Amino acid sequence: MNKIPDNRAWWLVLPVFLLVAFSALIPLMTVVNYSVQDIFGPGQAYYVGTEWFKEVLADERLRDSLVRQFVFSGFVLLIQIPLGIGVALMMPRSGIKGSLCLILIAIPLLIPWNVVGTIWQIFARGDIGLFGWGINQLGIDYNYTGDTLDAWLTVLLMDVWHWTPLVALLCYSGLRAIPEAFYQAAEIDRASKWAVFRYIQLPRLKSVLIIAVLLRFMDSFMIYIEPFVLTGGGPGSSTTFLSQTLTTMAIGQFDLGRAAAFSLIYFLIVLLISWLFFTAITHADKEK
Amino acid sequence: MSLTLENLSRTVDGIDYVRDANLTFEAGSFNVLLGRTLAGKTSMMRLMAGLDKPTEGRVLHRGEDVTGQSVQRRNISMIYQQFINYPTLTVYENIASPLRLAKMAKSEIDRRVKETASMLQIEPLLKRYPLELSGGQQQRTAMARALVKDATLVLFDEPLVNLDYKLREELRAELRELFRERQCIAVYATTEANEALALGGTTTLLHEGRVVQTGPVMDVYRAPTNTLAAQLFSEPPMNMIRGRVTSTEVTFDEYSHHALTQELEKLTPGDYWFGIRPSHISLVPTNDDDLEMSMEVALSEISGSETFMHVENSHFEMVMQLMGVHQYHTGAPVKVYLPVNKLFVFDSSEQLVHTPSRVSGGAL
Amino acid sequence: MRQTRSKNIGITIYILLLLTPVYWLLNMSFKTSREILGGLTLWPQNFTFDNYVVIFTDPSWYNGYLNSMAYVSINVVITLLVALPAAYAFSRYKFLGDKHLFFWLLSNRMAPPAVFLLPFFQLYSSIGLFDTHIAVALAHCLFNVPLAVWILEGFMKGVPREYDEMAYIDGYSFPRFFIKVFLPMIRSGIGVTAFFAFMFSWVELLLARTLTAVDAQPIGAIMTRTIGASGIDWGVLAAAGVLTIIPGLLVIWFVRNHVAKGFALGRV
Amino acid sequence: MAEIQLKALAHSYIANPVGPDDYAIRQLDHIWHKGGAYALLGPSGCGKSTMLNIISGLVQPSEGEVLFDGKRVNELSPRDRNIAQVFQFPVIYDSMTVYENLAFPLKNNKVPAAKIKARVQEIAEVLEIEDKLHKKAKNLTADEKQKVSMGRGLVREDVSAILFDEPLTVIDPQLKWKLRRKLKQIHEQFDITMVYVTHDQLEASTFADKIAVMYDGQIVQFGSPTELFEAPNHTFVGYFIGSPGMNIVEVERCSGGVRFGSIVLPLEAWQLELLERIKSRNVKVGIRPEFIEISPVVSDETYAAEVLDIEDLGTYKIVTTQLGGQEMKVRQNEEFDATIGARIDLLFPKQWLLLYVDEFLVQEKQP
């Protein structure tokens, strides 16, 4: 599909550019504005240069939540990507059964994020939740509101429950695009199940898996509502992630300078990682 | 009412798709662009249609320069390789769409659509959707849409290549019929030599974006300007043998010596390329001055009515096209006879110097 | 690949595990709060619709759904209207800075909403749009429009450029071709994109809650507010939760055949 | 190597087929002998690919049996039938090199490494791709990729048959010729049963010793390229084989022969006797353009026809004539010349004038 070089295409792209700029550039400029000033009140603010940035980088609380965030996103990828691939491989390839499976598996994605938090809030409680009650029946004392490890495991389990379907459906659409002739050739070459996966399915899942890892890493990196509803960030601040720290700073304590500086760093990390993935995707597209 | 390409070129990112093409097609002519894949056929047609802009040169339509003119305003139509029809419209609406856009009266549209559809034998399918039809019927729908609007220029980009062998034969015959009386200019791109021969009209040989030769199909076929033109216009390729002519004899590839015959005397001594069509080589001498060569059979391919025999010796190999069935074992020795009056002769810079005399009824 | 028995068992187990928490929410929504706190029961002993009645009668509850539906629909319409021409440009043309623009869109899809909370609040208040459906609809464009452009561009690449050329040759002008010929050819793509825009706008809460106070409060905000209140009425909360899943299920049912391609952002 | 036999085989894609139209393949018996090079020829939609997939086991026939060397294999999957297949679009494992592609089936069969290396090297030389063994498979040209997918079948010594599903579709026209020649050489060298599906008669006849012409779900003729040309068993075969196809004219019985328009064609005694016995009204006469002669002298055996059109195809000419209200195409060599509308006298050699009743050829008892 060779594209025609034609700059008039900008007219077609202008609406998107203006709309997204309105809801992205203007707010970003305000954040940049705050991050270099100390604001006492309306009309009273003076330039402080990179002071906020230095403070924020040194801030213990922020560095902890950044580490917590990377660890969380790391676990999310480690569990959800292989599990997602496994589920996709088990899904029937086509027909009514295929669509039914697809809809049932997609249900967690349709649930508002706060309701996901609420569901697990109820489900994991020892007294009224099947999961909490079940664990306790096994003799393990499990209380996600009290014990840090239990809280972490519950948040992680909730995220796995909530987002693995996205990875599974991404891989499923990748598998569906594999022409039947490849499976026939493998059958004729007497390839084992593992060989079929390794040499036919996996190479073809590359571009889709890159997207899955990109989406999952990014979305988990900015998670806020679900853990907030489930554990409120507790016990203590063991499940307080970046977004929550930022929001409490900006809106809670109205500490604009530091919040803005921290937001910019947060956004630059996101920008860098998505650039890495974007080049990987366009590279994979070119190869195909 | 002619179409002229004036030193037309198109280079994209350093690649020359069309190089300095100069061609004129008259009204009512059927013109075939013959060349291998990536020879520039499609690029040239897109320049004619105005879908692409040339990097230099002009496209003149009825003498008027239309190079810059957008496709919408030109009265042309095009048929693609992959049966392009509007999937969301019925066959009737597909054919009618150019007329509707030209704001023609409803009754007139109906009459012309039905007339064109019956001409292409798809009238019973007018209510159906293109994707429900077979490949041949889809292509006929595309052709009907192209013909219904009486365009002055109709472009075919290898339209039959995705169809069955037999269906291709039929559609070619129908195309010849359809364009016999039309006053428009038809340009048909193909990679197959026999399609150029079957469709007649003029043939333009293209190679790597350059026009090798152009002219009425039989002139180009019978008098290829150089070895490249000869190779492009024959399937299987014309046999080419290196040879040296001295005052007394001609030696092929420093191997087989033959006396100079009346035909070849005219040639000044020197190195030449000798071309002979596979169908002109025979296993039996037809006239006394035939050049006899002893070869070995490499492979014989029988195709029912004909046999393609690959013969070779230590120096060169040739392909023969014989009528009927000839069963030979690989390696069997065989004598082949080259009628001198069927020889093409090209000089050392591969330009044509002599064409077979008797075939085209008299001197070149 | 034949669907062996072991695969069927595997996928059934996964689906059962996946749906158990949702079943528990459903189970909870049909229980009276007394029965909920009384002890753990697998099946509502005394079945009741009271929780749902509460939601359908109390305006402070059902207004939440209406507001959510309002801004989600506006968002879907704006997203499609804006993304369709842009996706066409990306799929057909090379233009100055197209790569950078596409990357910039991608980065916005990945932008953490938390970063934009305060600036959004001030921006929309300054232009007097605070606490209106339009505000949330526009804010959601931040991540929905880039996603829509991605998915639509993938579907549009599936339509060979010969269709455009043929239409121009037939005499179609660009707008007429785009609406009459091109859009009908990618109907399934538009349907899938609408579903994704709906889904991501419906599930988002952070921006929706920040930009609204009373008139345009989405259901999510109302649910999270009651958590803060005195004793939580779990039954009503569960019922509210169940009702937020219904719209998503309806929409995905309509696009079930093509949604898989959408998930891969049209890259497949 | 296996002898492949189809016994009372039929196949329908609908659950309970009723009339003949519901069948993709109508009831037939057929044998592909060991080591033969066969072609399955027919227009698209005639059921030839379905037949190929039934042989390879990718499709289970709804009726009848498939026997390999006399053993029923219906229930066996392709992997147990020991066949190899080359598809329309080259199917190769992109992430592997050419060597790994060729070694893949052997590795799956747990063949010792040394043996694999030797075998792959040998096959690569036969296919003339030995210099590309260590290149990534996805960078090859289309015809090289087809060679690799064919090589995956050839490396296996136990392969019972190699099936080709229109393998030359994506190959450039000028390369088709070379690949076809390579297939033929390989068949002579390996003596494996090969079944080749195509709609192109030239490809079928240059590759196969025997061609099965399929039409509307039936094998209407199974014979050598020459038999199909000289004695087409069904009017469709006459039309389909040869370019242009056989002249086929509907005729009525009359005393001493058959008639169309004002033209009377005398027939042999046995043909007349046969026409007496068979009552069907569907009687046709067929003769190939290659076999009609233009006689320089008028005699009682010649028929005066009017020249309608002359097609100059370089090495030969096709003359379209009008005779008794019917169009007759005659093939002449390059030198033929005549003006449109001129009168020429056609001669129909007895042995090439074929009689068809109900679309099938009627032949004398003995042959």
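Letters are used for the chains, namely A, B, C and D, taken in the order the chains are written, and counting of residues starts over at 1 for each.
Simple rule for what comes next: contacts are C-beta pairs under 8 Å (C-beta built on N, C-alpha and C of every residue); 3 or more make two chains touch, one makes a residue touch a chain.
None of the values given here were measured: they were computed from a predicted structure.
S.K.: Ignoring chain A, which chains remain connected to each other?
M.R.: Minus chain A, contact groups: still one piece.
S.K.: Determine which two chains are connected by the greatest number of contacting C-beta pairs.
M.R.: A-C
S.K.: So the centre of each chain is just the mean of its C-alpha atoms; given that, what is the distance between chain B and chain C in Å?
M.R.: Inter-chain centre distance comes to 56 Å.
S.K.: Using CA atom averages as chain centres, what separation in Å is found between chain A and chain C?
M.R.: 16
S.K.: Cα centroid separation between chain A and chain B, in whole Å?
M.R.: Taking the mean C-alpha position of each chain, the two centres sit 58 Å apart.
S.K.: If each chain is a dot and touching chains are joined, what shape do you get: line, ring, star, complete or other?
M.R.: ring
S.K.: Touching pairs of chains, which are they?
M.R.: The set of touching chain pairs is A-C, A-D, B-C, B-D.
S.K.: Please name which positions on chain C make contact with chain A in the complex.
M.R.: Within the complex, chain C touches chain A at residues 1, 3, 7-8, 10-11, 14-15, 18-22, 24-25, 28, 36-37, 40, 42, 78, 81-83, 85-86, 88-96, 98-99, 101, 103-108, 110-120, 122-123, 138-139, 141-142, 145-146, 149, 157, 160-161, 199, 202-206, 210, 219-220, 223-224, 227, 234, 237-238, 240-241, 244-245, 247-249, 252-253, 256-257, 259-265, 267-268.
S.K.: Flag every residue of chain D that touches chain B in the complex, lowest number first.
M.R.: On the chain D side, the touching residues are 43-45, 172-174, 177, 180-181, 184-185, 188, 199-202, 205-206, 225-226, 228-229, 239-245, 288, 290, 311-316, 334-335.
S.K.: Touching chain C in the complex: which residues of chain A?
M.R.: By the definition above, chain A touches chain C via 1, 3-10, 12-13, 15-17, 19-20, 22-24, 26-28, 30-31, 34, 86-87, 89-93, 97, 99, 101-115, 118-120, 122-123, 127-131, 133, 161, 165-166, 169-170, 172-174, 176-177, 183, 196, 207-208, 211, 214, 218, 221-222, 224-225, 229, 242-244, 246-247, 250-251, 256, 259, 263, 266-267, 270-271, 273-275, 278, 281-282, 285.
S.K.: With touch defined as at the start, can you tell me which chain A residues reach chain D in the complex?
M.R.: Chain A reaches chain D through residues 179, 181-182, 184-185, 187-192, 195, 199-200, 202-203.
S.K.: Would you pull the chain B residues touching chain C in the complex into a rising list?
M.R.: On the chain B side, the touching residues are 49, 51, 70-72, 76-78, 80, 82, 84, 86-88, 97-98, 101-102, 145, 149.
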